[in-house]
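First subunit A sits with subunit B, and in the next complex the same chain sits with subunit C.
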Partner chain A sequence: MFKAALTSSKQARAGVRWRVPVAVVAGVVLLAIPLYADRFWLNLGSFAFAAAIGAVGLMILVGRVGQLSLAHSFFLAVGAYGYIWLSSPATEESWGLGLPSLAAAVVAVALAGLAGLAFSPLAGRLKGIYLGVASLALVFIGQHVLFTAEPLTGGYNGRNVPELSIGSFQVFGVEPELSLFGVPLRQAERGWYVTLLILALTTVFAVLVLRSRVGRAFAAIRDGEVHAAALGVRVARYRSVAFTLSSVYAGLAGVLLALLFERVVPEYWDLFLSLEYLAMVVIGGQASVAGAIAGAAFVSSLPLLLQRYSDAIPGMGGAVSNFGPAYVAQILYGGMIVLILFYEPKGLAALATRARKALTPRRPVAADRTPAA
Partner chain B sequence: MTAPGARLQVSDVTVRFAGVTALSGVTFTAEPGTIHAVIGPNGAGKSSLFNVLSGIYKPAEGSVRVDGSELIGLAPHRVTALGVGRAFQNASMFAGLTVEENLLLGRHRLGRGGVFAAGLRLPYARRSEREARAKVREVAEFLGVDHLLALPAAELPYGEAKRVDIARALATEPRLLLLDEPAAGMHTHEKVEVRDTIRRIAAERQITVLLVEHDMGLVMGISEQVTVLDFGQVVTTGPPGRVTSDEAVIAAYLGRAGAAQKARSESQPPS
Partner chain C sequence: MAQLLSMLVEGASLGAVYALVALGIVVIYKSSSVVNFAQPSLLMFGTYVTASAYSLHGLSFWVALPLGVAAAAVLAVLVDRVLVARFRRTQAVVAASIMTIGVDVVLLTEVDRRIGSQILTTGDPWGNEVVRFLGIGVAEARIAALVVSALLLVLFQLWLHRSDFGVAMRATAEDPETASLMGIRLGRVSATAWAVAGALAVCAGLFIVAYPSPGLDTSVEAVALRALPAAIIGGLDSTTGAIAGGLLVGLSEVLVRGYGEHLAFLGQGFEEAAPYVLMLVVLLARPAGLFGIREAVRV
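And now, the complex of A and B:
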């Protein structure tokens, strides 16, 4: 037992040694990619970064507090349609407030948070799978509203997403012209940098929250709510705090996805989208921030990659359309979830730990003989 | 640094579950700064009593006062705020956290800072966190578990987990400490350590200790007062010497026949 304990504190030290150089290298590579990659890869990345923000939010709720939510797509939709409604000018057949787009984006994220807060009487009292079932109702209500409230959502045909601009600077557009090392920064490049920056900021925020007394209260509720309460943790309050926080992250991801899509249709924000986000969290290892981001990258880019390379994959290309990339992607990550739950419940996060261990030079055996006490 | 121990007054506490009476009119007082034990056979109601005292069960009748403040009806986190700390029977650690984080949870109520303060590293939240870590280290040193702080709690051996559990309860800065079978499942030398630890808590920090324990050697060795429960009722309360010779206590532990036999052997002159 002491030996196991020693090994793990050694692992922790090894982790710290590796973390800084790995982060620096990853950061440089991520910043340099738009200088070399084409539109396809940049769009793939932007979608992955936006999705990762939503996945981190769901991970906090599912992995750290032990709650289940199937309503993540609902809060993504609140962000997306909130932004469209707030920033579009009103016309005869559609509603809009015509706010400046940056203000609209901020208020839309706040709206998603308010929607999460409004659900807190349930989110605070219900536990685990019971909350999952209750949250299902939100998805169905959301879908019904999205299809029927035509002035708000445009109904089946969807609605255009107004551009996000700060003054005359188009955040996801081309004006004014910018370039970096001679490479023009147009839509795709800007999309990559902006979503990456927001992902980085929200990730740091999430990590700081999870390391604080709030994050410890979350984990205590997950590992033993009665004991957490007996130590002075207000269980219901922290459950609803986590739910609200996760809906803010979903709202932000929803705004960014809408801006990247440029036009959104109701059927995108359905139960299946919630399940995709759960898949990201599970594949990532459930309780890891980095894992949730990796899971989001995997789940959101797989269908796009399959689409692009479908001609090169036997049986997928050509006229046989009922075996399309989206369908194959679902089967692939469905299979992956089964494999992960069976063999590596800590998901991609655990694979990274293993790789680090394999790469860390072993210390001499004598180090293991240090007295434990 | 610590507030002096609290007086615990339990009066007429009755707990019923679907027709079964778990506690019936339980009354006793634990004096400030003393070690007070609650003993009794399995099913006597000791755990129910502890759950009432930490706000988990609401009794049908009765009152529990900590230095005069009514505890019944308060949510568990308010009971903690009243100065009641609890160590658990099975020393359950929060398995996904380190030992230090487990101890920091004991400081949760005394800390400051919500989501925004933490995520934006606001100065007052960072100061609160620094203070919490310093206090946790101090409590860990007091109980000799400071070398374990960096370990994942799930890796702790049982005996160490019991000590960390007591440290976590102490980190809440209680005036009344509830210890639920602190020596259960321990070796003889570990029991000696537990006994010394409890004595030091009462002596050096003047915290009132309410102890539920099966090990009679331990209970009789350290308690100033002992309350005996049987079938949810108080059989007697008194100093250990008087309690061990009480007929009703012997009856509760050995059964009526045992008591009758003992009485017979004492009343008959040796032939």
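And now, the complex of A and C:
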């Protein structure tokens, strides 16, 4: 018992020793990339960062509270279409409130949170897989609304996304001209920096929440509902808190994705998108913040990379379009969900732990240490 | 009136088909506490085997059908034995259920690729005649679906309540540990449950693609997925519930489509969302489903 405590604190210290330099190096590299990379890679990164925000939100729910949700694409859509509705001016055939775009973005995220809160009678009461199936309902109801509520969503053809600007500063645009070390900061560069900044802020917030009393209540519910209740954790309330928090993250990711897409169509926000986010979380190791971000980077970049390099991969490009990038990407996500849960449920997070252990110099174990009683 | 009657018959027929798929989900849940999200893909896979044996390889329906049923049953058992069994010891049922989502994605993607833009028929013997009675006309295939499904459901209930295996399965659902101590082999119980679920899914798939549907194409999986709300509406741990849930889902879908012009304010095509709305309403009133037993914990 005592020894177990000792080793774990030693591991924790080793973790901290590595964490700071790794974070600094990663930060510098991420900030420097727009100075060298071209548009393709910057867009790839922006989409990955936006998706990572959504993945962190789902990770809190699935990995830390043990609740399954397949409704993530619904809350992403609430954020995206909420922003469009709030910021577009009203016209003959479409609704809009014409709010200033920054206010619209903030209110759209709050709307997604409200939608999550409105689901709390079910999110609080239903457990684990039951919630997973119940949340399917939101995806299908959402899809129905997206296709039929034409004044709101533009129906089948979708709707343009108004620009986000603060005063005269276009956050994802070109005005006013800016440059860094002689490199002009246009759409792609700004997209990279803005999504990266928001991802960093939301990640820090998620880590703080998970380390707080709330985060410990989440873990207690996941590890044993009855024990948690006996300790005074209000299970239903914390479950709905987690669900609402995850829908806020999804809403924020949805707003950013919409801004990056510039035009959104309903078929994007379907059940398969929810499964993609689930794949991000599972690939990342279910309960790890860094894992979810890595999983998001992998899952969101994969189809774009396959698209770009499909000619170079034998059997994919050319006439045999049967094995197109979408097919390969789907087989890979599905297969990775199965294989990772089968061989290494801790996913990419476990790889990081192993790498750290391998790099930390091991002290020789004293001969007189016997296994703890 | 005649319109309502014909809708009720059609809804019941579609509902009985959903009940078959939902029953598979319930049987798997009772035997291993795993929600099998791969059920729609088992349906697609088995139905594809049957349809391609008939349409592409020229086998007769009566050869193609057992082929499809057997293929889905064998695949289901493989999924259970190779993948899901690993989680049985640790009781990680959420992880096991998420894994079935992965299986579903892989299987559906591959079946979709093989189907492509084709519409395959199974060569079923019901043809496209319409039977008239009581002043209404109903497709023969719908009557066949209703009769055959009802027969399968009755047989299944008898099997579950009368046979030794049924007793073993119900004992496992009640308390796996005690059942195991009594000499019931849990692995065998769950493998049988998966095999039955696979076979039932293909029987249902056959009727989903029969007349008046043009045949098997990639849109069938969205139909098959509605078995999940059916299972939840009835209660995941109740076979009676699966039948009730299937019927409710089938009826709601057909009635919403039939009265579409009165429900125009809900938008066109609301019938596809109706089963899910129904599920939310039922869950709000009864979180364990209509026939489900609410889990009580004694400390």
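For this structure, a couple of remarks:
By our rule, the second predicted complex is superposed on the first by the 354 of 373 C-alpha atoms of A that agree within 3 Å, B and C clash if a C-alpha of one lies under 4 Å from a C-alpha of the other, contacts with A are read in each partner's own complex, and residues count from 1 in each chain.
Here, a contact is a pair of C-beta atoms (placed from the backbone, for glycine too) under 8 Å apart; a residue touches a chain by one contact, two chains touch by 3 or more.
The shown structure was predicted, so the numbers you read here are calculated from the model rather than taken from an experiment.
Once the two complexes are overlaid on the shared chain, A:169 sits clear of subunit B and of subunit C alike.
Using the contact criterion defined above for the overlaid structures, shared-chain residue A:226 touches subunit B and also reaches subunit C. Of the two partner chains, subunit B is the only one touched by A:215; subunit C is not. In the superposed pair of complexes, A:287 makes contact with subunit B only, with no contact to subunit C. Once chain A of one complex is fitted onto chain A of the other, the partner contacts of A:40 are absent, as it touches neither subunit B nor subunit C. When the two complexes are superposed on chain A, the residues of subunit A that touch both subunit B and subunit C are 226, 230.
Those residues of subunit A that touch subunit B in the complex are listed here as 1, 4-5, 8-9, 12, 205-206, 208-209, 211-217, 219-220, 222-224, 226-234, 241, 245, 287, 372-373.
On subunit B, the positions that touch subunit A within their shared complex are 54-56, 75-77, 79-81, 86, 88, 92-97, 101, 104-109, 111, 113-115, 117-121, 125, 128-129, 132, 147, 150-152, 155, 157, 168-169, 172. The part of subunit C that touches subunit A in the complex is made up of residues 35, 83, 86, 92-99, 101-107, 109-110, 113, 116, 225, 228-229, 231-232, 236, 267-270, 272-273, 276-277, 279-280, 283-284, 287, 297, 299. By the touch rule above, subunit A contacts subunit C in their complex via residues 66, 68, 121-122, 125-126, 128-130, 132-134, 136-137, 140-141, 143-145, 147-149, 225-226, 230, 272, 275, 278-279, 282, 322-323, 327, 330-331, 333-338, 341-342, 345.
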